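In what follows, a single structure is set out as structure tokens and then discussed.
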């Protein structure tokens, strides 16, 4: 079926034929969900294994611009939810997807986003099984917002939990830091910066499986999205009941990310990532974990960034290149570019 | 050479820290009887904490954090004026990100934006000029704030607007100057300073001689410093050596960027566009004579104060009760000794000037550690 | 105060407005050369400048930078010698 309109109108959200045409032409023909009821009816062998647990998560995605170097809002909506499942030790299986579309949004853009989602879902080994669309007045949202929910299965005996982190455990990342945040800042255009940076947006399900296989003692992992590595580590350290010490000289950063941060007075530790996780593993398994991560394309930048230490006054500190120490705090509000 | 990494070399830092220790011992500086060195510039304060330099140098050296954070010392009434302008119909109000969160008596610019005002963060006044070109039906106001480093950029932008006949652009001028508050601090009978690390990027514009009075009239050493950790450490060493040798001179550690007489084009632009106000108010310090700039008559068409009928009025002493910013800025009180520090006054709910911006001494203490790490 | 960062001028973009493209670690941004335009703009291509709020505020003096670093190298070597002497003295004491 072809769609005559080039732009989405309120009619496409009206519940009538226009809406059905949009959904069939743009969404279901690509996602190809199982069955056409208002619900997905699902079965998976891994769910029936004794001790297996269901993992369930949801996330909403709002990003300007909706297409950017290295990805788009559709790709992020798949990666983000897949990653929320994966870093908790779940094997991601199914996603739901819900679009809030601004009146006037180009249908061609929606098609590109949907294709991008389908591609990423296939790569991540998940199916998009159900969804919804709504159309809102111009100005009521910014082009398109996407909400995804995801279901996965945690195999029996696997229990990743930040509370199990102990002093001496090593903190690893799989990728250089801050690519997404810096790429988006540049892509927005209002700061008139141009770079070759691309978002690190990628699904981490396969990488997590490889990590756990190589380092079965892996304690916990999180994806360092909004608020960056700094905020993620603060959350983990608070849960863990120990502190974390980062090594400034070990932090992996691209020169361009450093450049963006120098120009705008930002701290790369707080820049968002969309395909970067931080995992705590026992020191004895650190080398095996690194080797496993580096063997995969998603983990080629893997390295140790710090370690858990006995609980101090603050959750996260950073040892500077000169042996000084500073606090790495939670972010207060949003990081704003500064001149002074 | 890229002029960054070379000046962050840990080996050189180690040597400098050791040399600083030796000279501090020669002076007889101790934790109980420290040498007080003021870094005037908020950028230096930020760097000291970011690299943990305060903990690495000899314990007999105490950094006093100066008033060189333009966002921190801006009176709340001027933020109120910004909000008033931004809330006018047809105005696009542009500002550096630094000023977004600064509280006014009514609200911050961030809150005004949430309430519907068209407020945009820009990296440069040039970006505000470009907005004015693209939005001829709107009045684009740029919030000009900062010391001599930043003043030329708004002066040159106003000159450019004048050349183009761009009449929908104006600057709300809050530019201030460095030497005057330093003089005010030196005249304070409670002042306990032994020497200064001078603001390198201000001197890049005005040169080193505006500080001559510090050495000549007050017999205090001052070293104009760069912003990398090596620059800072070397400058501290140079100050200490002057103290040890009984000297009081103006030295230039940052000669790769700072010419002795500053930047002639920038100075000419400042002189062309701006004139001194008789006095200007500083949060925490009160009014200081001739410490602020305003737009000259020939450029009043680009002056937001004129366009919007906003005058400068000395704000009454609106510091909240219990705020000890003035004592911290004159070195009488360490940030952590303020009864409000970390209690009533935190970065998310700043009470006083020094907690407002990440450049402020108290915010830097809080964010990067100071007391909180030390207490471990 | 006053964030300023070194960048290299890579091209003149608008002669009339004295604008040029600067590169900071692979990040490019158009900056004004007005404060450093003492001679022909083309002479500034390749120069390292100190950038503040979109303006090239100073041309960085490579010789002065090298002199600063050279002085530091001397200090570093002296420090190493001192440390070696201290270690030597300690070794003697330990004997």
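We just call them A, B and C in the order they show up, numbering each chain from 1.
Assume contacts are C-beta pairs under 8 Å (C-beta built on N, C-alpha and C of every residue); 3 or more make two chains touch, one makes a residue touch a chain.
Note that the coordinates shown come from a computational prediction; the quantities given were computed from them, not determined experimentally.
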Comparison of A-C and B-C by number of C-beta pairs in contact, larger one: B-C
Closest chain to global C-alpha mean, per-chain Cα centroids: B
Chain centre separation in whole Å, for chain C relative to chain A (CA means): 37
Inter-centroid spacing, chain C versus chain B (mean Cα positions, whole Å): 22
Of all residues in chain A, the ones touching two or more other chains: 191-193, 262-263, 338-340
Contacts with 2+ other chains: residues of chain C: 1-3, 5, 25, 29, 52-53
Residue list for chain B, restricted to those that touch at least two other chains: 4, 14, 42-43, 69-70, 96, 123, 127, 146, 150, 359
Chain A residues touching chain B - in the complex, by the definition given at the top: 190-193, 262-264, 312-314, 317, 320-327, 329, 332-333, 336-340
List of chain B residues in touch with chain C within their complex: 1-4, 6-7, 9, 11-12, 14-16, 18-19, 41-43, 68-70, 96, 123-127, 146-147, 149-150, 152-153, 156, 160, 199, 201-202, 204-205, 227, 230, 234, 253, 255-259, 263-266, 269, 359
Chain C partner contacts - residues on chain A that touch it in the complex: 186, 191-196, 254-256, 258-260, 262-263, 265, 338-340
Chain C - residues contacting chain A, complex: 1-3, 5, 24-30, 51-53
Of all residues in chain C, those that touch chain B in their complex: 1-6, 17, 25, 29, 32, 34-38, 48, 50, 52-55, 57-58, 60-62, 64-69, 72-73, 75-76, 78-80, 82
